[in-house]
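First chain written, first letter: the chains are A, B and C, and each begins at residue 1.
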Amino acid sequence: MTDIILSVRYLDMHFPTSSGFFGKTKSTVRAVDNVSLDVRRGSTFGIVGESGSGKTTLGRCIMRILKPGRGSIHFTGSDGRDLDLTGADGAELRSVWRDIRMIFQDPQSSLNPRLPVVEIVGQSLRKAEKLGGRELSDRVAALLRQVGLRPEMMQRYPDAFSGGQRQRIGIARALATNPQLIVADEAVSALDVSIQAQTLNLMQDLQEQYALTYIFIAHDLAVVEHICDTVAVMYLGQIVELADKGELFNNPKHPYTRALLSAVPVPDPRARETRKRVRLPPREDAVVASACRFAPRCPHATDLCRTQAPPSRQVGGADVLCHYAGEV
Amino acid sequence: MTQPTPTPSSAPGTAPAGETPLVEIAGLKTHFFTEDGVVKAVDGVDLTIRPNRTLCILGESGCGKSIMARSILRIVDAPGRIVDGSIVYRAEDGRSVDLAKARPTSREVRQIRGKDIAMIFQEPMSSLGPIQKIGHQIVETILLHRRMSKAEAKRTAIEMLDRVGIPNPAQRFEAYPFELSGGMRQRAMIAMALSCQPRLLIADEPTTALDVTTQAQILDLIADLKDEFDMSVMLITHDLGVVAEVAEEVAVMYMGRVVEEGDVYSVFENPQHPYTRALLKSVPRIGVTTAARLPAIEGMVPHPLARPSGCPFRTRCESVIEGVCSKAQPALVPVGPTKVACFLHSDATTDD
Amino acid sequence: MTETRTASDAATDEFDDTVRILGPWALVWRKFRRHRLAMWSGVVVILIYLIAAFGEFLAPVQIHETSVRNTFQPPQRIYLFVDGEDGTRRFQIHARGVKMELDRVALRRTFVEDESKIVPLGFFVRGYEYKLLGLIPMNVHLFGPTNPRETVYLLGADRLGRDVLSRIILGTRVSMSIGLVGVAVSLVIGVLLGGLSGYYGGWIDGLIQRFIEFIRSVPTIPLWMGLAAAIPLDWPPLQTYFVVTVIVSMIGWTSLAREVRGKFLSLRNEDYIVAARLDGLSDGEVIRKHMVPAFMSHIIASLTLAVPLMILAETSLSFLGIGLQPPQVSWGTLLKEAQNIRSIIEAPWLLIAPGTMIVVAVLTLNFLGDGLRDAADPHAQ
């Protein structure tokens, strides 16, 4: 019986686009559409997709920064807490936000430039445990040491630090309340290549040390393959393929996954010669809601794909959203 | 669409006989004179850009690659200034112009900028004026550099839009930049840059802001156009995958200097400089990286105002030599098929 | 883990010790310093406020003292040297006594200097009594006639023989403080409504914005006149002063509210604001601790630019006769007394002196505000 820490079912997040004079909605963007997934405790769950895939919106729904329109997000804490996040509000949410924390993408805008680091990292502790003064700075010092920063720097402001260091501060902030689950929204995407490696190593070390579960949202497939155990590929708000890492990268079944994998540039010049790239036409803006969303660009699309929404089928250990999963 | 067939250069590091370099940069130094001190963004760069070749400048943020590109076109903003070195451009008619010495607003430079040497940037929205239709912007560029009537220029512009793969080019001629997606905007920018058929296209992180699938399309497009227009491409990026895909030659930069240079195969398969080696090892590769932890480069890039003495990489180098690396900066010298700036391979310093 | 820490320690060592890092307010100050005009204007503004604070100390003549003999007397020249009868020259700052002569042909008064009559002037002289800063009883004045019974009109006299210079000096207090009080009222209303509008959005935002647009579309002068007409005439001067302030601040708060709203809207989606909510902060705490400091410097700049508007508004109101009333002294009421052709032709100093003072105050406040606004965002180019 696998220990599931987070279980998402049939999650929808729709945004109204145009509104009339009195706010009447004319059309909607279905940023997250009927998403279901399970995250095993202690694992790293990757969510990959390009821009417009809805991965960031999904992350924000899980964190309840946004309130989803439909569906459930079931959180099972290791202390026995069992809660559907979609129904939580106010004080309940604030208490959940000690167990589920977030790391943001941009080291520039995720830290308040007018607050010293000790305030940024310790803010949640001030609220959650009513800490202050010496106690607070001791805890912050310990956290900074954990992420490889010197505790004496805690009185400094964010612009005294480099991008990689600022991201570490963000990680320290996320760790402050001893969380069980951390949602990392493009946590290494804005970092230089060499700093990315350091930060990924740090995150893995912390995961071991604190038995953390990560939901890792990213667009860089190589990073996802390195750090994640399970991967969900998103396209225009839906999960088109969900599988364990090995299965997904060695045997991609959805045409979009295949196209995506073939487009990733490989740091090996010899690969040019043997490379077979799946060419995708540019993305169309119109989305026909009832049919397969990938059909306009899919090299294997049929009339069935255009007229009927595909079901999610289990093929070889992967969940694939395609009429022809396993056959193509 | 064809992939360019890779051909290892005959005598790597040197031009085949009879081939004059398009742009030759020697000892370029561009410094920024800020209130807090002098930032040596580019501190002694030697580079050769050859005709019909794709040269990739590989480096992380702060290495000076963008400033170097802007120095070539003399579009470095104050408080930055070229303080030393030369950038010699050889025109088709055989004339040479030292772009570093000329005044940035002089007719010479303005004629070269946009016509012989064109540049595209990472953020298309910042180079495409937001309140002008894209077609008109391209026409403006054409009329500036070529002798044509307005009607001819419009035809040429629509042809270029078509050539870069924008569907319905005649309609999109009248579109504003915000009406296009990221990939389309980038294509429009490429169309504008190539409308005057430059001999050198400088692309500064052209695909960093794009999705992976769009990136692949744009890189293919640039490669095709390079062949068709017979031009050189200098592509600046931090993405090793991109370099491996498109480069014929690579120059690796760190803290304002070129630390390794050569053909892409030699540099990737047999890197000589400790930075290049460490960089290549620290990047995860699908299906290849099996280690649980990535071998990361220790430390961080030093603050530009706190440059270490001697070799700037010595604070993070796993092969640092005590007493040697802190004394002088290593010079970029040929070591086997590539050029390397490292005391592990040569005693030559920049003072020699 | 350990290897990363030592290496980054070494890197940060080189980073910290050699590079000076400034905090956010230090950066603002540094950018402000570069704006020379703003710096000097700031000095002048401080001087003007000092004049307002220490008014009576600086004013040589009691402002309400009328003198029939000196009506419309032109400004008196200051002389430095006295020629003695024995031909010697003595240093003595003085003015010359003035005789009034009647020109029977043009039926006009003219004032002629009498060389024989010396009115010695000096610094720190005794004069009329007053309370410095409203607390300390004093009778020393910075500059004036050494004989307390004599008077000198350095900027001339008005139609009741009152000293224009002294009245301008004391008018500074009223005009500049109305600016400040008005701005404080604007600040409270503007930040409150603008903040609500920007933070909550939705129908609250819509409602407040429509209200703002309604206020802005009402023509100001008739609005002011209407409100001023509603002030009972028998109210004590302090109360009318306060009500005039409130009326004047009605022009300021709408633009401030819009600015605050804009800032809130753009800040609302910043990652660090989201992070603050995820840290468990309530809405109020998020606004107080994160959003307000973010736009504080902009607000200060906006307020500084609003003060001259307030001053001009009070001046206009009083000039039109619907603001402060005599015997209250402000720049506006002083200008009102110059409101006829006879004054302008015969006694132009009644117009020029207060007018120049207003121009100087408004210009310097504007330059200061410009400098503050540019410095408010130190990271912007």
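Throughout what follows, a residue touches a chain if its C-beta (ideal position, glycine included) is under 8 Å from a C-beta of that chain, and two chains touch if they have at least 3 such contacts.
Being a predicted model, the structure only gives us computed values, none of them experimental.
Undergrad: Compute the centre of every chain as the mean of its C-alpha atoms, then state which one is farthest from the centre of chain A.
TA: Between chain A and the rest, the longest centre separation is with C.
Undergrad: Give me the two chains with the most inter-chain contact pairs.
TA: After tallying contacts for each pair, the winner is A-B.
Undergrad: What's the distance between the Cα centroids of chain A and chain B, rounded to whole Å?
TA: About 33 Å separates the centre of chain A from that of chain B.
Undergrad: Just curious, how far off is chain C from chain B if you go by their C-alpha centres, in Å?
TA: Between these chains, centre-to-centre, one finds 56 Å.
Undergrad: Would you please write down the residue numbers of chain C that are in contact with two or more other chains?
TA: Chain C, residues with two or more chain partners: 4, 8, 12, 15.
Undergrad: Touching two or more other chains, which residues of chain B qualify?
TA: In chain B, the residues touching two or more other chains are 296, 300, 303.
Undergrad: At which residue positions does chain A touch at least two other chains?
TA: Within chain A, residues 162, 165, 198, 201 contact more than one other chain.
Undergrad: So in the complex, the part of chain A that touches chain C is made up of which residues?
TA: 63, 65, 94, 97-98, 101-102, 104-106, 109-115, 120, 123-124, 127-128, 145, 148-150, 153, 156-157, 159-160, 162, 165, 173, 198, 201-202, 205
Undergrad: Which bits of chain B are touching chain A when the two form their complex?
TA: Residues 1, 3, 6, 60-61, 165, 167, 181-184, 211-217, 219, 238-245, 247, 264-265, 268-269, 278-280, 282-287, 289, 292-297, 300-301, 303 of chain B touch chain A in their complex.
Undergrad: Please give the residue numbers of chain C that touch chain A in the complex, ascending.
TA: Spelled out, the residues of chain C in touch with chain A are 1, 4-5, 8-9, 12, 15-16, 21, 23-24, 270-272, 274-281, 290, 293-294.
Undergrad: In their shared complex, at which residues does chain A touch chain B?
TA: For this pair, the touching residues of chain A are 50-51, 162-165, 192-198, 200-201, 204, 219, 221-223, 225-226, 249-250, 259-261, 263-273, 275, 277, 279-280, 282-283, 285.
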